[in-house]
Structures are given as C-alpha cells and as structure tokens.
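In the part that follows, the structures are each spelled out as structure tokens.
In what comes next, chain A is part of two complexes: it sits with chain B in the first one and with chain C in the second one.
Here is the complex of A and B:
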C-alpha cells in the first residue's frame, strides 16, 4: 500500500461524513426547492422574489447581519489589539472573559437579554429613570434587541479571529512607525490596521454568515413581528407546512451567503510574491 | 555644541536597575558607539534617546531642547532596528517614503526625489517596487538604512544593524556606513556588542558595563589604554592575570603565583598585587624562549592565524600566532612580550 492510498483511507471517514451530513441534505434541499406538483418548477422562487413581504425579510436579514458585523468589528478590533499587547497573564483573563459567553447555551443567554431588555427590565427602566426616553419606550421585539443580542453572541468569533493575526504582528513595526513620525493613532491606522486586515475579513465573514443564518436569538428577541429569513424558513416548515417553499428560501439564503464569500476570498487570496 | 546630551539617566524595570546614571555628550556630526555585552543597557539607552522608553530619572536634550517627555514622533530622530522593521504591506519605495509622508516633509515630487536619492545611496534603486519579503537580508538592511537617512534626522540611531548579516556582507556594510556618515555628517549613535565593529566605525566609543560607563574615548585610546580589567578584556579580549609587582634586577617585574616573573616597563610605578593585561596578539611564543614558561593546552586553527590556549600559573592564557607556528599539546613554551604593551591594572 503506497502513501497515497494510505492517506486516502485515512481521509475516508471524514469524507463519508461530509457527504452524508453536508452534501446529501444540501442536494436534497436543492431538489426540493424546484419540485412542484407537476415536475420541475421555479414557482417557489418566483413567489418569494415577487412578494414584498418576503423581500422585506431578506433585506432585513442582510441589513441586520451587516450592522451586527460592523459593530462586532468596531468593538473586536481594538479589543483584540489590547489583548495582543498586554502581558500574558492579563491576556489569558481577557480571552476567558471573551469566550465565556460561548460556554452558556444560546437559549439561556437570550433569555438573559429578554429579562434585561423587557419593558420592566433593567435597561429600559434605567433609561426611563434618567429621562433619556419616554414612557412608551421598548427594546424588546425591536431590531435593536436583535443587534444587541447577536453582537454579544458573535463578538468572540470576531475578536479571536483578529487576535490571532495581531499577535503575529511584530511590535517593533509600531515602534519603527513611531520613530518615523507617527502618533500612536497614526501607527494604529497605517501599520496595525492594514496588517490585521486578513483577521478582520475572516472575523467579518464568520459574523456575517452566522448572523444571516441565526434563528434562536432573532426569534426570541425580535418576536414574531420582526422576522428574519431563518425564522421565515422555520415558519414555512412548521406552520404552513410548505416544504418546497422552505427549501427555496433556504437556497436563497445559501446563495446569498456564497455571494458575500466570493469577494472576501478574492480579497484575502494569495497575492503576488 | 553638543547635539545630544544625556544627563544622569537612570532606568529601572520594576525592581531591576538597568541604567545607573549615565551622562554623555554627543557632538554634532559625531559617530559614537555604545559598546557592551548583552544586558549592559546599551539598547535601553538608545531607546531612551529615541523616546521608545521613558527615563526613571535624568534628562535627554537634542540640540539644546529638552525632549525627555516628548514621544518619539515629536523628536527629530530616525532609528534602524536590528530586525529592520520594514513595513511588510508597503513596497520598498513606500517604506523609504514613510518618514517623509508622516512628518509631512516636502511635496509629493520632492519626496519622490528624496526617496530615489536615498535608494541610490544604498544602491537599491532597481528594487524600488519590490516588497520587503522579496528581498534578501542584506537588501532589507539597506532599505532600512535608506529609510533612516531619507529624512536627514538630527540624530541617527542604529541598534545593532549589522548583527543579522553574514561576515562578508557585514564588512561591506561597515564600509558603506562609514562612507554615508562622511557624506551626510549625521550625528549617529550606534549600538553594538561587537568590539571590532565599534573600533572600525566610530569617532568615539562608550564602553558600557552593568548600566554604567566603563570607559569612553577614541577607538585608539580604548584599544591601547584600557583603564579597567573589563575594558581590556572586552576590547581585544586581553588575558587578565593576577600578579604581584616587585623590584627585580632590571626594574619592576610581575611575579605570578607559581613564582615565574615577567619584565615590565621601567616607568611602571605600582607595586604589590595587580592585574596584568596581556593582549593575545601581542604575545609571541618560542619553544626555546627565556620568558615565563606556559604549557600548551589546545590549538584552534583560524585560517590566517593560530590561537593557542596555554596554562600559566593555573590561569588560561590565549595567544594568537602566525598560522605556521605549531606546537603540540602539553609542550612547554616560552612567552615574550614587549614590556611597553603590558597594561598594569589595579586589582
């Protein structure tokens, strides 16, 4: 047995799992999305794309995912920089703090937010007491609630992606920039930011895909009135139930995420040299 | 006028004192070397001049202006790092233009001219569009040098810039550094642990040991008149032997612990226990010589020379000879040395 067949054998269980657990369901979904009562049909796609209600859901999903990704990057990049530049002991504690939310279940975390954000919850109450908002102010069942909840869930992914890249940036590059006339902020912008870009891109990708396909948090914090695509798919399956239409929506979500991936991969792909 | 003035600089990291009050004036246009073993504080001192490190006490002046509390970007300096610290996402010419751009020196066209001139100085004008990682170590080093001189800083700081190069390139770069310094006349502070580098490049050498100035002077002074055991050992790696000076029949002689004696120069006035510094290249070995006898321990062939390690009065003694001088291990040979070349140091 030569090395090639040996490594093929070693890869076989993983490949089988991938085929069984990933390609088969996706293929099934693709077939389902174009199957009608009398053979192949695109009617499910037409129905989705011609209905303003569903287009609104699609637009909301994309818009919220973008906002969540941008906020995660805006918080995650400075946080990752600080984590990379402090001593190893403090860094360990910061890493633990950042990944701590990942160690509790999404449902538990989201219920925590529901308690905090509800009409009589701590945050609206505090804002009302400070006179910053009116009596009718609510946070639950708004897009803001979804963004808050999702940023908390996704921040670790962004922070850790960027942290990995920043720790590999030689600190002397910043010192060199300082001796060449950069203020701290200028060296941050001209040296750290461009060199950390691959990490920011990778983190944004993770955040965008995860938030575009997330279901539990938007559903619980946004309520039934503010639907995202994943929730709409769920509803089509459980309430109507219209499996082909659910499959068509899933394909649209899948294709949308792939569309975002392409330019990112091009951007971070191998460069000259 | 002093271009850089350091007044009783002290620096501690936590409980460790790294610099114990260093005062130093660097004249305008002078090339000065901070020489010392690793951990002597030479790099810390350079970083203090750059503003990358704060002082615990003391002050830094550049051209009469107190810059002790100024951040690095407000001091008109340029620094070349041991690792070169080229910005990997910028091309060679963008790297060299970086200090001009950040300091806002000149228009775009003037900057391009200066970059071209600086790259020409280091003979790299043909590689201007490459990225740093596409260059060899020696080329990267030249880019770093071009970037350091392009803005004509008041002070040029060099942190062991040659230590990552192989021997051949290092010699070429030494010559280039001397020429560039002569041409531009930049006040230069050069940090190195290599005594040869310091001797060949500098107008003045400041020898640091344990966070203090051990000795300072021109290369010739430091080499021929080391004032302490450390200085004579570090520069020219002289042999240090304990001895006692007594009056012999022909003037003062050094008596070693095994009773053998070595003739000293007549003007040596010290008597009693001292340390004798014998430079390895000043010793000559002769199988039938009449000086003190030493036993050959090992021979190291260096190509152009032989280095012998001998034993004298229980102390190791190194001597450089021509490469055709051959002795066998265990052989007893006579030492001779010009009495004028023996340094007598207080013990």
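Here is the complex of A and C:
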C-alpha cells in the first residue's frame, strides 16, 4: 500500500459522505427543477420569474439579508475591535458571550423572541405603557422581528470573522498613525478598517448566505404572511405539494448565493490566497 | 454458530406460525395518533377486543398517508379497516379499493343519520364521528355568543380575530364557509379571498397550526376563531374561557369515516368493528373524550358535552359537507391564491 492509496483511503469516508449527502441531492434537485409532465421544461423557472408575487418574495429575501448583514457588520466590527484590543482574559469572556446564543437550539431561541415580541410580550407592553405605540401594536409577524432574530443568530459569525483578521493587524501601525497626527477615529478609518476588510467581507458573506437560506427564524417570527424564499420552498413542498416548482425555487436561491460568492473570490483571492 | 442459526430458524417458524394462526382473529386498522388514538383505543378498540377476543393492530397513519398505503397495496391490502377524515373514501370507493357495505349487516346502521351512511352500497364507509366547524370564542371577552358566520366580519372583532391557514384542513373548511356566506362557491373563491383581505387589513391574525390558536387566545387577546368544535374544549382544558357556537348559515363538517378494505380475509370481523364504531356507546365515549359529534341518533350526551358540539336532529341539520373531491382537485390552485392574498 503506497502513500497515495493510503491517503485516498483516508479521504474516502469524507468523499463518500460528500457525494451522498451533497452532490446527489443537489443533482436530484437540478433534475427535478427542469422536469415536467412532458420531459425537460423551463416552465417552473418561467412561472417564478414572471409572477410579481414570487419576485416579491425573492426581493424580500435579498433585501432582508442585506439589512441583516449591514446591521451585523455595524455591530460586529466595533465589537471585534474592542475584543482584539483588550486583555486575553476579558477577550475570552467576550468571545464566550458572543457565541453563547449559538449554544441554544434555534427553535428555543426563536421562541424566546416570540415571548418578548408578541402582542402582550414584554417589549410591546413596555412601549405601550410609555404611550409610544397604540393598543394593537405588535412586533411579532413583522420584518423587524425577522431582522432582530436573525441579527442575534448571525452576529457571532460576523464578529469572529472580523476578530480573526483584526488580531493579526500589527498594533504598531495604529500607533504610527496616531504619532503622525491622526485622531483615533482617523486611524480607525484609514488604518484598521482597510486592513480588516477581508474579515468584514468574509463575515458579510457568511451572514448573507446564511440569512438568505434561513427558514426557522423568519418563519416563526415573520409568520405565514411574510414569506421568504426558504419558506416559500417549504410551502411548495408540503402544502401544494409541487416538488418541481420547489426545486426550481431552490435552484434560484442556490444560483443567487453562488453569484454573491464570485465577486468575493475575485476581491480577496489574489491578495490573501 | 450452527446452533444460533437453528434457534433463529425455530423462532422464526414459530413466529410465522403464530401470525398465520392469529390472522383469523386479527384486524389491522389505522388511527390518527395522540389524544385521538387514546380515545379510539379506550372507546372502541379495547372494548371490541374484550368482546370478541380479537386482536386489533393499530397503525398510526393520517388519512392521506393511509390512503397512499391503500393505493400502494392494491394487490395485497394490509389493512382491514381504514379511517379517513379528508373524504378519501370517495376516491377509494370509486377506485374499487374499498368494499361495499351491506347495511343489513350492521346492527347499528338503522340509527345512524342518513347523511352519515349515504353511500354504503358504493363502498363509502359510514361516518362515525364528525368534526363540526363553527365559531370558537372567548366567553369572557365577547359580550354575547356569536351566532352567525357574518359575525366574523364585525369590525369590533377584527383585531381579535384568528384565521387559520388553508393548508390546515379545518382552516380550509372555515374559509370555504366564509366564502359561501360572502356569495362565493366552490367554483369561485374570490369573495372569500376578498373578505380575508378586508379582515387582515383590519387587524386579523393568521396562524397555520392549531396550537398557535391556543397561543393567540392565551397570550394575544384573541376573541374569536372559526375552527373545529373540539378545539373550544381543548382551550377550556387549558383554562381559557371559551365556547363553541354554530353559525346560523350552516356548519361545515369534516366526516371521519370507517371503511371496509376490499380483498381482505376477515371482512366479517371488520364489519363487526365498524358496527362497534357506529354504536351509541362508542360515540358517546368519543364525544365525551374529544368533543366530536356523534352520527348515531341514539347517542345520549350530557348537556355539558352537548353544548360544545353539533348534536341532535337540529344540531346536525345544518351540517354542510363541501365536496372533498372538488377540494382535492383545487387545492394547489387555492393554496397559491390564498398565499398571494395573505402575503404582505
């Protein structure tokens, strides 16, 4: 047994799993999405792309994912910066705090939000008591609820991606900028931000793809009336049940996410490998 | 090794022997799981086993699944009695998968309301209980009980109204009734969709599963929801003040039927089982446990139970059955139209 067969053998379980659990379902989905009663057809795609209702769902998915990503970046970047600059002990605690939400099940976490946001939940009740909103005010089943829930889930991904990059930035660069007369904010903007960009891009990409394909949180917090693409796919499978149309929607989601990956590879590829 | 093989062969043949022997006195049926199956066992299955000495194997399968199995097992059916709540017996009977039932062989058939045994000779089994769709309401919040479906459109209620998605069977029936009182019918659901749009704009909430209805009543100040009679009871058990009212315009109903599968060896025993299901005692027990309406006119209920359901000649007179075959044929199109209507 030479080295090559040995390494092949070692890689075999992983490869098998990849083929069985990833390529086969994806291939099947691709086939399903173009299959109709009389052979190959593109009618499912035409139906999706020519119907304002489904285009609206697609647009909402993209729009919400963008908003969620931007908010995550806006919160995650300063947080990561602080985490990188404090002592190791405090940093450990901050990291634990940031990843703590990932340790509970997504369903449990989302139910927590449901309790807080529902019509008689804590937050609307408080706003009502302060006289800021009307009697029927609720945060549940709104896009705001989806954004709140998703930002909480995705913040760790963004923060940790940026943290990894910022800790590698040489602290002396900042000191140099300050001695040359930059204010704190100026050095932040001209030195730290550009150097941390790969981390921000990587984190944004994670956030965007995860929120575009997320199902549980939008479905529970947004309700049946605010549909995102993943929920629409689910409905096509379970309610109508129209598998080819569901597959076509899944392909559109998949293709959309691939499209986002391309500029990323171009942007970061040559410099950082 | 040899011994092990020998033993297993012996055990296997012994097992096969018992199955072959047991088959003479065994029925295989489906039930719907959870509280329903518990009541099914307590009210029907266990007493039946005790009376006849037969063994009843219960397979948990919802109507659609059970029907899919029936179709798949066309050449060698495995069930003796199948229970359906979605009108599957109509298709099953027309495909010859279900056997005609001779009413003379059911001692209780004469007491069953006519509508519940309309096509026994055609193979559609009798309805043994009925889930009636009406108005489930909060008895403390509403000054007086609602009495008609158009009460749902009362602007005072809109912010406290809970509608159920039509992907849910009861949600579908409630919606079709709303459609009907608004002037629509099964060939035109637009009036119903328009009413839903109007209600949603006024603040109504849509949920997709029944536990969410309970949540809305418990936490979100819901007052009224078109839903099944048994659910008011479920809410009351959760200590929420709730009642059930039938709409004056009619009460859409979901029939739960017991059907005789064709081509099985034990059809006489199966008929006895079906006969048991339509007996007054079994139906009283079912109504008591789950608040489903009996179909046997001889079933006697306490006033407390009767208040929760459609009961007696008058109660069942207004029952409407929307044609399940038409619903099935239109389901995909309706669900899509509904989703588009409710989307924000």
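Rule of thumb we're sticking to: the second predicted complex is superposed on the first by the 265 of 273 C-alpha atoms of A that agree within 3 Å, B and C clash if a C-alpha of one lies under 4 Å from a C-alpha of the other, contacts with A are read in each partner's own complex, and residues count from 1 in each chain.
Going forward, contacts are C-beta pairs under 8 Å (C-beta built on N, C-alpha and C of every residue); 3 or more make two chains touch, one makes a residue touch a chain.
Worth saying up front: this structure is predicted, and the values here are computed from it rather than measured.
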With the two structures laid over each other on chain A, which partner does A:4 touch: chain B (first), chain C (second), both, or neither? neither
Of the partners chain B and chain C, which touch A:238 in the superposed model: first, second, both, neither? second
Chain B versus chain C as contact partner of A:118, first or second or both or neither: second
With both complexes overlaid on chain A, does A:195 touch chain B (first), chain C (second), both or neither? first
Check whether A:170 is in contact with chain B, with chain C, with both or with neither, and answer first, second, both or neither. first
Once the shared chain is lined up, is A:179 touching chain B (first), chain C (second), both, or neither of them? first
Any idea which chain B residues touch chain A in the complex? 50-52, 71-73, 77-79, 81, 83, 85, 87-89, 98-99, 102-103, 131, 133-134, 147, 151, 157
Touch list for chain A against partner chain C, complex: 53, 56-57, 118-121, 136, 138, 141, 223-227, 235, 238-240, 242
The residues of chain A that touch chain B in their complex are 170, 172-173, 175-184, 186, 190-191, 194-195, 273
What residues of chain C sit close enough to touch chain A in their complex? 159, 165, 167, 200, 203, 205-208, 219-221, 331-332, 335-336, 339-340, 342-344
